[in-house]
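Okay, got some structures for you below.
Below are two complexes that have chain A in common, paired first with chain B and then with chain C.
== the complex of A and B ==
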């Protein structure tokens, strides 16, 4: 019958319309009609969406225990691999241009990420040999200008290992496993302390 | 009392300065008052139509719609208006400056002029023109000129394409729309819209077989004439950027929008006037039905408790209200018009755009013949009053609609089968 499809289509939209009101849902239920999906808008600033665990935006630097105990050794691999080149690293050096050390490791004096340029690709995380950089899920970082406000420096990028554990438990578990395995491998030849050869 | 509120107010306003002003000026005030009312109400109506449309469409798509600016987003239209006003007004290089400027104005003017003859309530028409129906048909067709003017003056291929589509579409749909009004004029024997509304005192025209068909024809071709969604080929975003108003920005764009919404509102208002009884309440006594509905609702066991109570109260209230006719005539009119506006938005929320050939085919191959048959049906109906005429008209219309559908049915679609070689 011609025209029935038209009416059916209109019935569907009308039902969805009515189903977005609480009273309408009661009515639909009373009429034994499917209630539709109801409103699925989230009124953003008041209620926030629960992000998937793998949601990522821009990287952060992981430290263990205290903020000066960075995992990063300033090897600059991530800086070179970052496709849009938004990471800028300088290693901490003394006056004679020799690398400084903290906790037996070299460390970055400056570690900046321009988060307005970062494209959330996660390549930096994949290439870092020290699990020193991970993806954050912070995203409410709107500012009024693009300039320095979005150029995050070391202090803004620092996050504890617990924080990582908290926002991405699954990923953190895998990373921890890798770290433990690595520690076990580098344990036997203890005096060598292979990863960081004694500075000259 | 409430019914004639605005009439009395106007009269009061007219007599008040009448004591102070010379009589010659008084006539001018009487002329200017309705003009001022229409000119002030038109933008307000349009602004809240946009709000209404966005709200309804949003709900149909399970969203909330505008809800930030003011309560329920009620001041959103004002914010939009301010935004439009402070936007840059761009005239494309090589465009015809003069035509580019006057096109949106030419579109808006007829849309506002239409409301001059609209009987909004009992004794409430700005002018009771004795050729009212002719006037609305003539004035509303000016908009096709404006659309083409705008598209042509923009010097943009998308604009011209959109404008050409618009003209083809508006002219095609004008024919069935006029022919459906002819049936009404035939039956009432008057071109005055006030007379048309008065003729519907015993029953709305939509309750007659020819009236139902004419109302459908008029409403559908009206939607097509104002380029609204199932028929919005001239503004097809996916093909034409924005159609004839591609090159418009700022307040000029707002004027196009305003013209479009006002025309859409006018289509609803005139459908109400011509077929839905205008400002007349339901012709049959409603209150016994309301009371009956209240009783049925109250005793319905399957419904939820609060629903039963609400239904009971609502129906009882309706019974009382309708009995004592506290619902003023203009409220009836607005109620019906906004119900049609809802249908308009509902259609937009449901249907995808038609293809150009489907659009033209619908006008020329279906609506036009049906409207012609409808004139004969209306004639039969008025020649043989009573059941006999109705049955003949009904038979005529159903038969021809069936025949038209059969004739227009697409030739049986032969599926091609592709055989892969090896």
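== the complex of A and C ==
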């Protein structure tokens, strides 16, 4: 019969509509109808979406203990591999153009990420051999202009290892394991190193 | 007085590029005789981003985030297609668990795409908002699952040559099973809303018919080809990955009109659910999700220098045959990188389907083709 299909469709819409009210859900339950999903949206600034742990936004630089103890050694691998080329690094050098060292490591004098270009692909994190760069999940960074506000420099990118631990506990545990393994491999005195050939 | 006796002029109308019904920045220049379409010219290129050239300038791994942005509804299958091509080029093995994960992610993507396109089709027909939001509500649940695995809802960059970037987190399989178990109810609801609805039947049946012969000759693939009654699905034809182990049917249409294209997609979703059930059950509990070579390529992309030669990898993406043609000259970057984009090729028969139809039908015919401009223009 003509029109039955339309009415059935409207019944679906009606049920969905009723189901968005708490009282309506009680009613649907009483009528033995599927309750539907209820309200699916959240009122954003008041309530915040719970992100998955792996949720990634823009990268940040990790430091241990104090902000001058960066893990980054300014090797520029991430700069080279970043597909849209949005990382800019210069290594800290003295007047004779020799690399400066802090805590026995070279470090970047300048480390900028243009987040208006960054596409949150995570490739920089994958290629960094020093676990120095990780993905942040802080995403409320809207600005009124797209110039310097979105060019994050070294100070803006710095986050502590604890912060990383806090936002991504699972990933941080894996990273820490790798760091410990690496330290163990580089530490032992010469005779021990001879018996364990370096892994490729 | 008949129409012929009236002295009328043909009228040229631009539909788009700034119009919600054209699915992105797409323009159709339509020549009308009254309300009937005499000819239709698609105007492309508004979203051209130089995708292929950019990918010739980055490492093979660097191409992946760009493929996410081709057809932004189906990032997972885009990654999958490129990974298949690179694996052929470099002779990379894929571990068993990764094979299953890929199939699971690809079928979830098919659900996402077909759900969304059905919602959009309704939108184009004038059922503004409501059915689309029902569709998006379901899609959202799957996107949450993608976020759980890859860290991003739409720009996943997750499937890699040699497997997937990192193994899925704990709880992924359980969540996926819940979604798969609940999905049929949504599909039933959607079908109650649509399949028997007289208004929709009136608007779609017999509209925009694509004859079988034309579909084959024009190189149409995907649900659009199958709606015209041609049994051609790369999951069966090529049998890549672990698809040969899955039991599923390839739904076919009979007429090849807008209604068939809609209905074939609904049936495909039901088949996808079957595949998902099997794959989630058979997924090996342990084992690597990325081969050793894949890990190496991920860590230092520029050490991957495939031997001189070329390769063409293709998969059945939700929109049709998605192929990547790569030429290597032995350097860390592709010498030539070409995408065979199903949206683009499926769009070539638009004029043939629209000629003689009413102008309002052009919108739903376009909607039934299922295009995403990111993939058409590249």
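Criterion: the second predicted complex is superposed on the first by the 181 of 200 C-alpha atoms of A that agree within 3 Å, B and C clash if a C-alpha of one lies under 4 Å from a C-alpha of the other, contacts with A are read in each partner's own complex, and residues count from 1 in each chain.
Following the convention adopted for this analysis, a residue touches a chain if its C-beta (ideal position, glycine included) is under 8 Å from a C-beta of that chain, and two chains touch if they have at least 3 such contacts.
In this text, all values refer to a predicted model and were calculated from it rather than measured experimentally.
Trainee: Determine, for the superposed arrangement built on chain A, whether chain B and chain C clash or fit.
Mentor: Clash - chain B and chain C, as placed by superposing on chain A, overlap.
Trainee: After lining up the shared chain so the two structures overlap, which partner does A:146 touch, if you call chain B first and chain C second: first, second, both or neither?
Mentor: Once the two structures are laid over each other on A, A:146 reaches no partner at all.
Trainee: Which of the two partners, first being chain B and second being chain C, lies in contact with A:126: first, second, both, or neither?
Mentor: second
Trainee: For A:170, select first, second, both or neither according to whether it touches chain B, chain C, the two together, or no partner.
Mentor: second
Trainee: May I ask you to decide whether A:40 touches chain B, chain C, both, or neither, giving the answer as first, second, both or neither?
Mentor: both
Trainee: Between chain B and chain C, whom does A:81 touch in the aligned arrangement: first, second, both, or neither?
Mentor: second
Trainee: Chain B or chain C: which reaches more residues on chain A?
Mentor: Of chain B and chain C, more residues of chain A lie in contact with C.
Trainee: Quick one: is A:9 in contact with chain B, with chain C, with both, or with neither? Answer first, second, both or neither.
Mentor: In the superposition, A:9 touches chain B and chain C alike.
Trainee: Which partner does A:48 contact after superposing on A: first (chain B), second (chain C), both, neither?
Mentor: neither
Trainee: Regarding the shared-chain residue A:27, is it in contact with chain B (first), chain C (second), both, or neither?
Mentor: first
Trainee: Both chain B and chain C touch chain A; at which residues?
Mentor: In the superposed arrangement, which is not itself an observed complex, chain A uses residues 2, 6, 9, 12-13, 16, 37, 40 for both chain B and chain C.
Trainee: In their shared complex, at which residues does chain C touch chain A?
Mentor: The contact residues of chain C facing chain A are 54, 58-59, 61-66, 69, 130, 134, 137, 140, 144, 147-152, 155, 157, 165, 169, 185, 189, 192-201, 298-302.
Trainee: Under the definition above, what is the set of chain A residues touching chain C in their complex?
Mentor: 2-6, 8-9, 11-13, 16, 34, 37, 40, 51-56, 77, 80-81, 83, 119-123, 126-127, 129, 135, 170
Trainee: Considering only the defined contacts, which chain A positions touch chain B in the complex?
Mentor: Counting only chain A, the residues touching chain B are 2, 6, 9-10, 12-14, 16-17, 19-21, 26-27, 29-30, 36-41, 43.
Trainee: With touch defined as at the start, can you tell me which chain B residues reach chain A in the complex?
Mentor: Touch residues, chain B against chain A: 56, 59-64, 67, 302-304, 306-307, 346-347, 349-351, 405.
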